[in-house]
Amino acid sequence: MEVDEEMEVDENVKKVMFVMRKAPHGSIYSYEGLETVLITAAYEQDMTMVFIGDGVFALVKGQDTTDIGIKGFIKTYGALEHYDVEKIYVDRVSMEERGLAADDFAIDVEVKEAEEIAAIMEEQHATIPY
Amino acid sequence: MKFAVQVLEAPYNNQASDTAYHFIKAALDKGHTIVRVFFYHNGVINANNSAEPPNDDRNIYKRWTELGKEKGIDIVACIAASKRRGIKEGQIVEGTRISGLGQLADMTIEADRLITFG
Amino acid sequence: MLHMVNKSPFTSSAMDEAARIAAKGAPILLIEDGVYAARAGTSYEPKLAEIIKDHPVYALAPDLKARAVGKLIDGVTQVDYAGFVDLVEKDKTHSWL
Amino acid sequence: MEVDEEMEVDENVKKVMFVMRKAPHGSIYSYEGLETVLITAAYEQDMTMVFIGDGVFALVKGQDTTDIGIKGFIKTYGALEHYDVEKIYVDRVSMEERGLAADDFAIDVEVKEAEEIAAIMEEQHATIPY
Amino acid sequence: MLHMVNKSPFTSSAMDEAARIAAKGAPILLIEDGVYAARAGTSYEPKLAEIIKDHPVYALAPDLKARAVGKLIDGVTQVDYAGFVDLVEKDKTHSWL
Amino acid sequence: MKFAVQVLEAPYNNQASDTAYHFIKAALDKGHTIVRVFFYHNGVINANNSAEPPNDDRNIYKRWTELGKEKGIDIVACIAASKRRGIKEGQIVEGTRISGLGQLADMTIEADRLITFG
């Protein structure tokens, strides 16, 4: 807790947000995007991931890519907490339009309203779109 | 039946190369003929022999060698599209070749079916 | 003619365009990210339910499984790669990319 | 006219349709697609081009790509008639949704209803999407 | 934050998503195929007219000219590449690809 | 001000490389600094030195050499993305280099602005 508070005021710690908007497997964006998140974690910045639009599909549990012969990566999301990536948000409207609920996801997420996401985006040092 | 297959996206970046491969395998299993596979747009990247994809994932480039060299399917990357994207003779996947857009016109006319993956 | 759609109906107009242009009765095959159109309980379901009145709709099973699409909209038929080949044998194809 | 009728019954002449659905300049699809049309013309097949969705934007007259530094190709459409590509159709709904009318285009086109396009597609030996 | 959109609003959901998420008052910059959203007289005009009530909307002039977009929806401001740089200097940016 | 630029699409196939170039030129003209240009996804194709684009069109690869060699901007293609798509040392555009994703994290932190073209 003390460490966290220290970090908040550490000028060298920047807020960086990864905005995930692509469905998995049809294109590599969500996978290569996740690789970026894991690498960036080593830099010990204040990281946030937000899933908007088709990006929410990347988190759906039970994905099995055996038959399409592509390496799946749904389990890699489970590693995020070990990398101290703890702020993982899902846009409520995107989720509901796609018939999903929070317990359809493979990891714990916080469901946010558009206004909340907008406010968090505005606080960032940088946002990276995938 | 004679099928011609067009692939319009780069391997790994999009699923088109994967779906094309599984489709072709299933078609061959059923005794169909693949007249030609034609790479266009970013699809020409499929013919790049300099790639080193991760060991724990499928190797899309090797699949084209399997189909082109072992199964004898004609696999062509469009020369104009290749030049824009840096694919050239001497640096292409075994079992593929570079040629003109006429090869696309040609296979379209010859085949009973043209199937495009992009 | 078999109309193939590989893009998500939530982010691309491809599915809507395919359905609008396709001749009545022409089959539609959902592949890759296109299979999300077959998912039951989404905001796209009413549209697909309309489409399926005029077109047989197929979805590629390996792509459904890869995306954990789960429950499908009534009337959607699953095919594997062999079934995909059979559909292509039966009809000319067009891809709505 | 006689030649045309002969061609209609020539079994070696196949109907090939190019379906153009991409806007120009943002991606190369419409330009590389046009290159394919010109090359295929040399094969003396029965060719049709149809513009659907954002594809209709490719035909808009007055495009000037000087400031984006990309080679424009609106003039190349004018060459189509010299290649005997004469069946050039535009989907009415796509055109109208985009606020366009037939006289906004750089070349003469025939505006078609979806049902007409569907019927023409069904007659083709092959359709090529760009 | 400056929200950049480079996809056509007729075929991609990017513009709609950007506008839905962007904080009220945040500027939106249309570039590349995104500039078609600024065209007057289209089926998208009513949506952009709503968006422009909450967000200053800019469009990249070289992209408008390349596409012969012509008449713009009221309130859209044209910028050149230098003006684009000025917008980025003023605000952080996010691209809705 | 310090800008960092990310390019996510292949040259010619998409306009991203063009817009990035014009943006960078305009930024330099106004006295801004470009911390780094990072190529990711299909954007790594921008670093391919084997391309021969048509003579009557712009040469996107030469633009990167102009910015990287003449203007001294650090231009990096992601190594993991490059390996998947066949971009490798010895075959890259003069004025560019291949390195890890850390270079993206690094420039994101260092720059005042990150601008992504895709």
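Here the chain labels run A, B, C, D, E and F in written order, and each chain numbers its own residues starting at 1.
By our rule, contacts are C-beta pairs under 8 Å (C-beta built on N, C-alpha and C of every residue); 3 or more make two chains touch, one makes a residue touch a chain.
Not measured: the values here are computed from a predicted model.
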Set of chains whose contacts include both chain C and chain A: B, E
Chain pair with more C-beta contacts, C-D versus E-F: E-F
Chain at maximum distance from chain D, centres defined as averaged CA atoms: A
Residue-number overlap at the chain C/chain E interface, same or different (half cut): same
Whole-Å gap between the CA centroids of chain B and chain C: 24
Distance between chain centroids, defined by C-alpha means - chain B, chain E (Å): 38
Euclidean distance of C-alpha centroids - chain C vs chain E, Å: 32
Chain F, residues touching no fewer than two other chains: 12-13, 15, 19, 22, 41, 54, 80, 84, 113-114, 116, 118
Per-residue overlap in chain C, given as positions that touch at least 2 other chains: 6, 10-11, 13, 32-33, 62, 80, 92-93, 95, 97
In chain D, residues with contacts to at least two other chains: 21, 25-28, 53, 68, 70, 125-127, 129
Pairs of chains found to touch, sorted by chain label: A-B, A-C, A-E, A-F, B-C, B-D, B-F, C-D, C-E, D-E, D-F, E-F
In the complex, chain B residues that touch chain F: 10-13, 41-42, 45, 48-54, 61, 80, 83-88, 91
Parts of chain A lying in touch with chain B, wherever the complex brings them together: 25-28, 68-71
Residue numbers on chain D that touch chain C, as the complex places them: 19, 21, 52-53, 91, 93, 114-115, 117-119, 121-122, 124-127, 129
Residues on chain C engaged by chain E in the complex (per definition of touch): 10-14
Of chain F, residues touching chain D in the complex: 12-15, 18-19, 21-22, 54, 56-58
